[in-house]
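These notes concern the structure reproduced below.
The first chain written gets the first letter, and so on, giving A, B, C and D; residue counts start at 1 in each chain.
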């Protein structure tokens, strides 16, 4: 529990990027020249400290691998005692490494990608801010502090989605992300309140210590609220609508925030609170269902989008679906949820940066129907992208294979039906990822005229290479050398249940399905010529292009009824937020519009309402008198 | 006679004052009604002082009179200003601030 | 019958005596000083007085005394609230002293008595007259507030109420620009205020009738000892509460708030919004806890209702507002609801959390109105939210500061507002009002919409031709703005020092 | 010292003597609301200046020069001064009654009070509130 040696630097981990953000954002123009490099430096330093801490942690015996550092006593009023305290254990450790290392690589990449942007100083400031907030989120030792980080990463992500404000679509996307996330945040704040009501504390240790005393009903309620929060941050059904629009942001942002780290905060929240979910079966089941639905929604959307980033976003939804799903399976799944989260963080970041590199060469065109046969022109990008591709569809020995295979196996341990479902989803993954590379790197050139594809500069390709290596080896490294299972077990617990067939059967079946999917994709998009104008396609394709009517449904259910009324809200704000956001806000705005008419402006009517209130008060008192 | 009756009378006066505030349109009359309410309170204080057999109520009455006087001055000042601006003492006419 | 002269603890009363004497002196300044030096003299007098009083409060803060025949209680909470009121009054006074923002002088009419738009007014404006009477008003109002939070019997409380309110009624009507709105605000504020204080007084009469005393101690004694029949008591409490609910702007006694906030001169609105909330909540809690603690179960349900109404009505109506001052007015109604959650708790923790909330809210509010007084266009302050579009690009610093205030009001982490909200909610939870707290959380989310909407508009919308410009203020506003912003953030990151002070203050003495 | 009479003399415990007050309040509110509403629906809407005058006798309480020229505030000033200085003096009576018992303290208190009373008077005088024309 003490903080020997390196661990006394725990707070520095967060302080560095925070200081970077402060300097960059308040430093003004004078930091324009060296600012970005400072941003990179802070995160890299944090990464180094992180690695040192990993070594320090490995040196300790397993049961002592949880270090708490109380920075200062934050709030202490009556029964609410909250310290500004950081907790480093095996779970936080892996997140710290993911955030700092992937973060560092993406910072470096951005040096090249944003080279020509006038506001790059601000951009790096926001990125640093995000890293700081995310680290706070995973290092907090109580829910309230976690909430601070939670809001912080949200804030950073809105700022970055809307970074190119001159694009109306970007501003709208930022607003949409913000408001949908508010819904999730309600879940979190209510959950924390409920936790505080039930356990009289918000510190992880104390809460989990006394879960046994709480009624299952309460725990289920807490679990569901936490799930709502997770769904908001991790773009899970039914709060998934914002992630696809979030691709309006610069590509490094999509890679760092909307693929590798922030969107996995929901998974972290669930795994961190696993004690609660273990005790609340129904909540856990809900998690599984939500995960499963999202796996398929994401996969289908990913199969239909022609915008390379949105297609990747769909796949991100689907992959996070896998993690949430695994987290819902209980002790048999927690570890693999985190395992997949790590591998996915690396290879998906690689894929996004690869896509960014392609766009960089194609004058920022995102339409895959305008790509084609780039494999010869962008060799490094192509090779690294292939590594990510093989990783995500789960071909051994690439990273994704190990983690996804474990989740599928865990699914079968629970129930054959959901197991089969996950295998099918894996097949769809194979299909849409093959489609992506086929349209991008193979087939014929379908470029706009005046586009001269070229390889990106070193500063961009080096991170790609590093991430590609990661996508190739990380799985094996974690599993065999780092034996992640025994590493995480003290935190998450681990269980295994017998399955009808030996493990290799599942592996083979999965591989066969995936390869079938891949072949279909290849035949459809590499052999046949790809039309430049998207064909009408099947009903499913059309539905998927519209994000499976995610917005449309909300629209029909909520917006239409209160459409006219929602004007009240958006009087001065023509670019209203679409989806249920308008609906939600609109219906409130409607009530608001009605209520404000009660403010007639006549002093006497005010007096009347006061007298009415007075009598109300008097009656209330006299009637309820005890 | 039973001082409780005075309390009832005070209540009646208070209610009359309240009604006045609600139904009259002229600021000065509205204001007079408020003063009536204050004086109703005074009456109640004095009556209760009698019932409770101590002087607190009467002391309060003195203070209330004085405070009421101060209130009259401030109130008249405001009403006169409005009256000069709008050429009318109706409390319904100043109605720019609403919703 | 013999009379005994009350014993007065002059040391403990010193802060109030100082302010009172200074107020009278400043009236004499108005009487004798030539016009040219009045403003200067008044400013010196006012700020030295307020700072001096603040120092005295700090020196006294160890005392726990009942003085003036139990009519004044100077205990920990009283000192904290008096200190807060004084600091907020200093910041508000700085806003009122600002003379560099409006091309034609300060925020007040050259002669409140001159007809708007008349030849006289034009002349006065040209000659650059200033209505320096605002300074005595400020001092008297502050005196009233200090007395209000310390008053320990109903008479003292009523007097304090009036001493606090009367100057504010007048200040509300003195705006230099938009005189019609300003005067209307003054009239409404005055009529309704007088109406509410009449209720307060009659309630006091009934309580006196029930308990045979106007002092809180004997009242609570009577409540605990008297058996049976207590309708008189309950009606009395109800009518007293009407008066206080009016002052804190709780639904359904809130309707004056938007009109007055919008109509009054912005510096006055800021000062009033911050200080009166503190004073009124202080009085409310002392009354409920010290005098009526015995019938807690009777008034608790009532506060539940009022709190829920205030939170919901305030947050919901605020969404559809298009004038920023009105929006903040409705927000203040909602905030009153949130604070009531802590009051309902009726526990030392509740008291502490409410005090913290009031402090955080006060600084944030003053800062917010300071910003509003700077965002101007040709016709004076640009209070229409539409005109704030794209402010983030035109003057990033001010926009950033205002965003901080909005986030604090919305209760986003690392601002004072967040700690305050969690404090009162936690207190409510600890007192077993979980459902009330859940409603509060939902209401605070609704509220987040309109606070953030302003931020979104400032940053994610492009400047329009009629986007307002930010005037560079003189030192006065700058200081109070800086103080507001710094404290708002500091209270969010390191609230503990304040929380400790509050904790040491303990509870009301009886 | 008169002995304290019981509030509830001769009233059965069942009915509470103060319910009438509450009922009365209800009646007042009801009547007010009723009449206001009724008036808005039925009453003829023929407003003229006389209707909104302080005293609805048709004669303007205060003559209005057209075009918002200067306006005789003197009456009001005088009235206000009278109210203040007349009513404040009410405090002299209780002091006079008990003067001998509250020896010095009382004297000092009343003197302070008179001084305070003098301040607004001086202000009024210096600001020309006392000049009739």
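Basically, a residue touches a chain if its C-beta (ideal position, glycine included) is under 8 Å from a C-beta of that chain, and two chains touch if they have at least 3 such contacts.
Model, not experiment: these values are computed from the prediction.
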Centroid check, CA-based, most central chain -> C
Chain centre separation in whole Å, for chain B relative to chain A (CA means): 63
Using CA atom averages as chain centres, what separation in Å is found between chain A and chain D? 67
Distance-wise, how many Å sit between the C-alpha centres of chain A and chain C, to the nearest whole number? 43
Whole-Å gap between the CA centroids of chain B and chain C: 25
Among chain C residues, those touching two or more other chains are 1, 113, 115, 187-188, 191, 195, 199, 209, 231, 235, 258-259
Among the residues of chain B, which are close enough to touch at least two other chains? 7, 18, 21-23, 25, 30, 51-52, 59, 70, 77, 84-85, 91, 94-98
Hunt down the residues of chain A that sit against at least two other chains at once, touch-wise. 596, 599, 601, 603-604, 607-608, 611-612, 614, 618, 622
Have a look at which chains touch which and call the overall pattern line, ring, star, complete or other. complete
For chain D, which residues count as touching chain B in their complex? 1-5, 7, 9, 17, 20-21, 24-25, 27-29, 31-33, 35-36, 39, 49, 51-54, 62, 64, 68, 71, 73, 76, 79-80, 83-84, 87-88, 90-91, 94
Parts of chain B lying in touch with chain A, wherever the complex brings them together: 18, 21-23, 25, 30, 91-92, 94-99
Complex interface listing, chain A residues touching chain B: 596-597, 599-604, 607-608, 611
The residues of chain A that touch chain C in their complex are 72-80, 144, 147-148, 151-152, 162, 165-166, 171, 174-175, 178-179, 182, 185-186, 189-190, 193-194, 196-197, 200, 568-569, 571-573, 575, 585, 588-589, 591-593, 595-596, 598-599, 601, 603, 605-607, 609-610, 612-614, 616-618, 620-622, 624-626
Which stretch or stretches of chain D touch chain C in the complex? 1, 7-8, 13, 16, 18-19, 21-22, 68, 70-71, 73, 98, 101-102, 105-106, 109, 116, 119-120, 122-123, 125-127
